[in-house]
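Shared between the two complexes below is chain A, which has chain B as its partner in the first and chain C in the second.
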Partner chain A sequence: MSASTGICESGVKLDSTESQSSKDSPAHCAQKAVTAGSLSVRNLTVLLGKNGRSVPIVQSLSFDIKRAEMVALVGESGSGKSVTCRAIMGLLPGYMQRTGELFLGGAEIPQGRVSAQTAMVFQDPVGTLNPVRTIGFHLKEVLSLRRSIRGALAYARAVELLRQVGLREPERAMTLYPHQLSGGMNQRVGIALALAGNPSLLLADEPTSSLDTTTQAQIMDLLAKVREEAGLAILFVTHDLGLVSQRADRVIVMYGGQMVESGTPRDLFENPRHPYTAALIASLPRVGGEHGQLRSIPGKVPPPGEGPAFCRFADRCSRADETCHAIAPPWITIDPNHLARCHHAAR
Partner chain B sequence: MMRSKLFSYILRKVFRAVFTLLLLSTLVFFALRLSGNPARILLSPDAPPEMVAAYAERYGLNAPLAEQYVLYLRNLLSADFGSSYINSKPVAAIIIDRLPATLELGLSGIVLAIFIGIPLGLMAALDRSGPIDKYAMTLATLVYSVPSFFFGVLLMLLFSVALRWLPSSGSDTWRNLILPAMTLGIGNAALLARFTRSAVAEIMQQPYILAARARGTPRSRIIVHYLLPNAGIALLTVIGLMIGTTIVGAIVTETVFAWPGLGSLFVSSVSSRDIPVVQAIVILSAATMVTTNLTVDFLYRVADPRIRTAQR
Partner chain C sequence: MARIDNPILSLRVRAFGRSVARWDTAITLSTLWLAVCVFILLFGVEFAPYRPTSIDLTHRLAPPAFAGGTWSHFLGTDDLGRDVLSRLIYATRISLLVAVIGVPLGAVIGALIGFLAAYMRGLVDETVTMLVDAQAALPYMIVALSVIAFLGNNVVLLMIIIGSYGWERYARLSRSLSMSLLERGFVVAAQTYGVSGVPLFVRHILPNALGIFFVNMTITFAEIMLLESSLSFLGLGFQPPVASLGNMIGLGREYMLSAWWVAVFPGTVICLTALSASLIGDGLRDRFDPSAREAAR
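Right after this comes the complex of A and B.
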């Protein structure tokens, strides 16, 4: 089959041989041993519907996140980015099923099990906290469950965590209910809760989407800080390409359940090779740019099981030709860290 | 500051409750007198006019309606409900005599409803579209849509007539309580099961449940600390309403099982046109409703910190 199976530098490797088993897979990695605290995703596929007809909503995703690295997963709604997050967390709803392998710190994460090494920060900071329990209850609960710290020690540790995430009066915050804090403050609590379990991987599912711009920047700074301090690997899911341009080490662009391009923010912004990435960048509002309307991508993401089968973007792509509708696009290596999955990526 | 705010809140609520009761008493007074001269209704159609006049005189029915109304209100305030047209006993004494039986039956029914309905609804919600959900909820819908007296008769046929295990009427021993309590409780249990199921199912969709699972919170803890307290807030209203209607509202059940409570008293008083007794029972059941509503309002504050700490 594939002649060369090298070390996955960025988790994404060109595999131009068109074989059945690896036609969707950018990284056909046999390599499983990875450094501690890092995530390896191999051929992650999520199927919707259990028996009978099932349609993939995430298809053969493979990537790695190293310690203290922040990888951004970018895409429109419906691209499968949140489902990817839930699959890694082990919290897929009953009507979804994952295949493929997940490794955290070298150990495999079993199917449907919530990994104690993984924590998650959610989009709706107030809604993700129990409205009838105090902030202190939440923190003490997770400290007890994940670290077996209880009593006065748990209280002290909880206060310390709240201080660490930048809450000004941590002792007072312990006694408050979620609705008594602002969205930004609740998101800080959410991050404190995530850190309480001492995870090695943090999944952040649009953690700043419901916050105003100033608060957004503060939360991003906080995430950068905890990444440095705790050496966390962070998977940052967002639809906001602008937000990740300064913060992420690497960006993975998803479309219709598939990875379409991967590279550093600089690679993507200066040299986008997949037409979808280029369109996303072109749709960003720019200060001092051309006057007139915001540019948008015509059409919308096809629902799972519908739309073009090979290149999922073919229907909306200005460069699409017959090849795009007939043959699955190969991964094209632009440089070892920059890959795009498009027939036209080589130019 | 906080304390005076709470105090004025309570005062406002209590004032509103008293006002509701006053309005209701007024309504009852005029509605019952709209049906004509009670003396004429009470006595047989061919009663001599002298007798009607004597009756009217005796119960103060000759005075202008406004005067009667003022007297009625004054008496109500001193808990004087007048005396029965039938046996001249003070209405308050008649009611106090019947109240324990009604409370016993009503509370048994409610306890039964809560202990069957809530766990059943919870299990159905946790077992979404599984066997418990399918069968129990279909059964609940069926039970709820069947009138309670039909159940009463069914239970009676089975346990009293066919099996001869339990008595079908009276209130001499605790065994007499079982069938009427079941009749009263089962419909409410079905109602509560359905409400619990939808309340819990809605809470299960909340992001904080997913977040709790992501933090590794075990299922039992999620039920106790996340699902039940939050679903309970929604259930408070239903249970409050249920208590209000059940305690004094077991008219059919009490009649079917010859249970000597307020419900059967109400039925006999209506048919014998004993207006003071009917009046008192209606006011009492209204007072029960108002009081349970008031209690539910306060319990909301206890159960939901969002209401408790809201800026008013």
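Right after this comes the complex of A and C.
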């Protein structure tokens, strides 16, 4: 923790009351981040296993999402993106625990409870709907539980929601079962279900990964539309950097359970400061690029509790030196919205 | 076209077809028999020629009509001259009633216990697993006998004991099904919009596990009938003035060599009913088993 005093080298002041946790918190560097009506994550840590032999899967995550902002969470498989989502949702399995604070619209989300202000859209749209229940059943269930709307009113509201997400013949869709709809249709239903509870935060865990490109674009358009209309804050988990560059307002790059870089897509794509971000971008196939093998990052994400303790990427990093293995990397502010957590980020 | 000409394949297809046809016959007959049983359960009493307790001492141990007896006692009489057919109808009614009430009782208790174990994990799960293992290691008959021996015999207690039969199997089944379903997307999604606890089980998990539960219930049905019969046979089930299939056999045991009909007819009813329920359960399992369904496609 002694190294933490020198973190914000580019001159942003540390908040003294929270300096204890400042080691991992870029939010202290980006001072004016907290806004009303938004999500604030402070030092979110998720531990696997019960006290004693627990292993962190997500370490001291801190970030903010403003109203009507779409933030993308990217990183390899195993970097803790989905666990972060489930932690924010309040749906961690019993063998995981979270520490740290979550605030939504200024109010703290209590531990171990599903947040009523948060909704989630999942990767597998068909699997997310109960195969033996109709679309109408699902919608009416959410309306009844989250909004206490029942009966004819619930039916009318459900039809309206289906129309809102662009389903043709919503009255007919109400009576259909999930397997009778296509993947894209089901994902629209999934979004309708998420909107039914009137949330202020939407977590989208790879909402388009199982869809084809055209449908993908439609679903992203729909998400953008509902974000505008409802002023939703959206946290968007994805592997698809192309999608990120087009759609996200801000990007958070995660590696091995830690946040390593955050900034606008433009910052990250044109000026990646963390070697991991740079490697991710370099491994994208390019249209018109030279033929040959696709570039990849050697090695794989270390499992929780293993691998380097300070910079989690040190083993796979081409620029790593002794410092990386000995001292936790500080958050470097490149500009107020662009932060990277690397000893070498300043160049 | 070439594939249909393949002699081995066509033989296989035909063999498969035959086995399907054979099963269907067995299942149809079983269903018919159970339909007859249900009819007896509901309306049988109307057709009973005598009251089950009316004694006719002049016609003690009369043989059935087709074995030298008279038509007035079609299936003969027992040692007190009671009409076997009438008693059989009443006994079938009692035994079926026990099974019909007992099977869902055990299923509901077991399924809920299993779900709660899977849902709450931790100490609850460990306790339930321990109890299930203990129950599985102990013959249920011995448990039933000792409970009756300690608490005395009455119909309500008997129903509870018989109904609880097989709870540990339901609990184990329900626990493992719930555990895997709790990880499924739609159950997680339902939790994100606020469904939790028992409603989660009833509304989302149970409808997806119902087929498997149903198959298990048909199997338990046969076993519960046998349990009731065994208890009554041993004199710890329904007590004599009431006719049950088990105590009819128990009574007839003494006359097995001289008057076989007293024990053989209730025995046949138990056999046929248990067999029918099991066969239907087997057929249903084939229908519900995804791998078998895949093969049929």
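Heads up, the rule we're going with is that the second predicted complex is superposed on the first by the 315 of 347 C-alpha atoms of A that agree within 3 Å, B and C clash if a C-alpha of one lies under 4 Å from a C-alpha of the other, contacts with A are read in each partner's own complex, and residues count from 1 in each chain.
FYI, a residue touches a chain if its C-beta (ideal position, glycine included) is under 8 Å from a C-beta of that chain, and two chains touch if they have at least 3 such contacts.
All values reported here derive from a predicted model rather than from experimental measurement.
S.K.: On chain A, do chain B and chain C fit together or clash when superposed?
M.R.: Chain B and chain C clash in the superposed model.
S.K.: Where does A:L195 make contact in the superposed view: on chain B (first), on chain C (second), on both, or on neither?
M.R.: neither
S.K.: After the superposition on A, what does A:Q180 contact: first (chain B), second (chain C), both or neither?
M.R.: Touch partner of A:Q180: chain B, not chain C.
S.K.: Does chain B (first) or chain C (second) touch A:M89, or do both, or does neither?
M.R.: Touch status of A:M89: both partners.
S.K.: With both complexes superposed on chain A, which partner does A:L222 reach: first (chain B), second (chain C), both or neither?
M.R.: A:L222 contacts neither chain B nor chain C.
S.K.: Applying the document's definition of touch, where does A:G127 land relative to chain B and chain C: first, second, both, or neither?
M.R.: both
S.K.: Need the overlap of the two footprints on chain A, from chain B and from chain C, as residue ranges.
M.R.: Comparing the two interfaces on chain A, one with chain B and one with chain C, the shared residues are 89, 91, 114, 116, 119-120, 122, 124, 127-133, 141-142, 145-146, 190, 193, 197.
S.K.: Chain A touches which residues of chain C in the complex?
M.R.: My answer: residues 121-122, 184-196, 203-204, 207-208.
S.K.: So in the complex, the part of chain B that touches chain A is made up of which residues?
M.R.: It is residues 206-208, 210-218, 221, 225-226, 229-230, 233, 303-306, 309 of chain B that touch chain A.
S.K.: Please give the residue numbers of chain A that touch chain C in the complex, ascending.
M.R.: So the residues of chain A touching chain C come out as 89, 91, 94-95, 114, 116, 118-120, 122, 124, 127-133, 141-142, 145-146, 190, 193, 196-197.
S.K.: Give every residue of chain A touching chain B within the complex, in rising order.
M.R.: Contacts found on chain A: 89, 91, 114, 116, 119-120, 122-124, 127-133, 137, 141-142, 145-146, 177, 179-180, 190, 193, 197.
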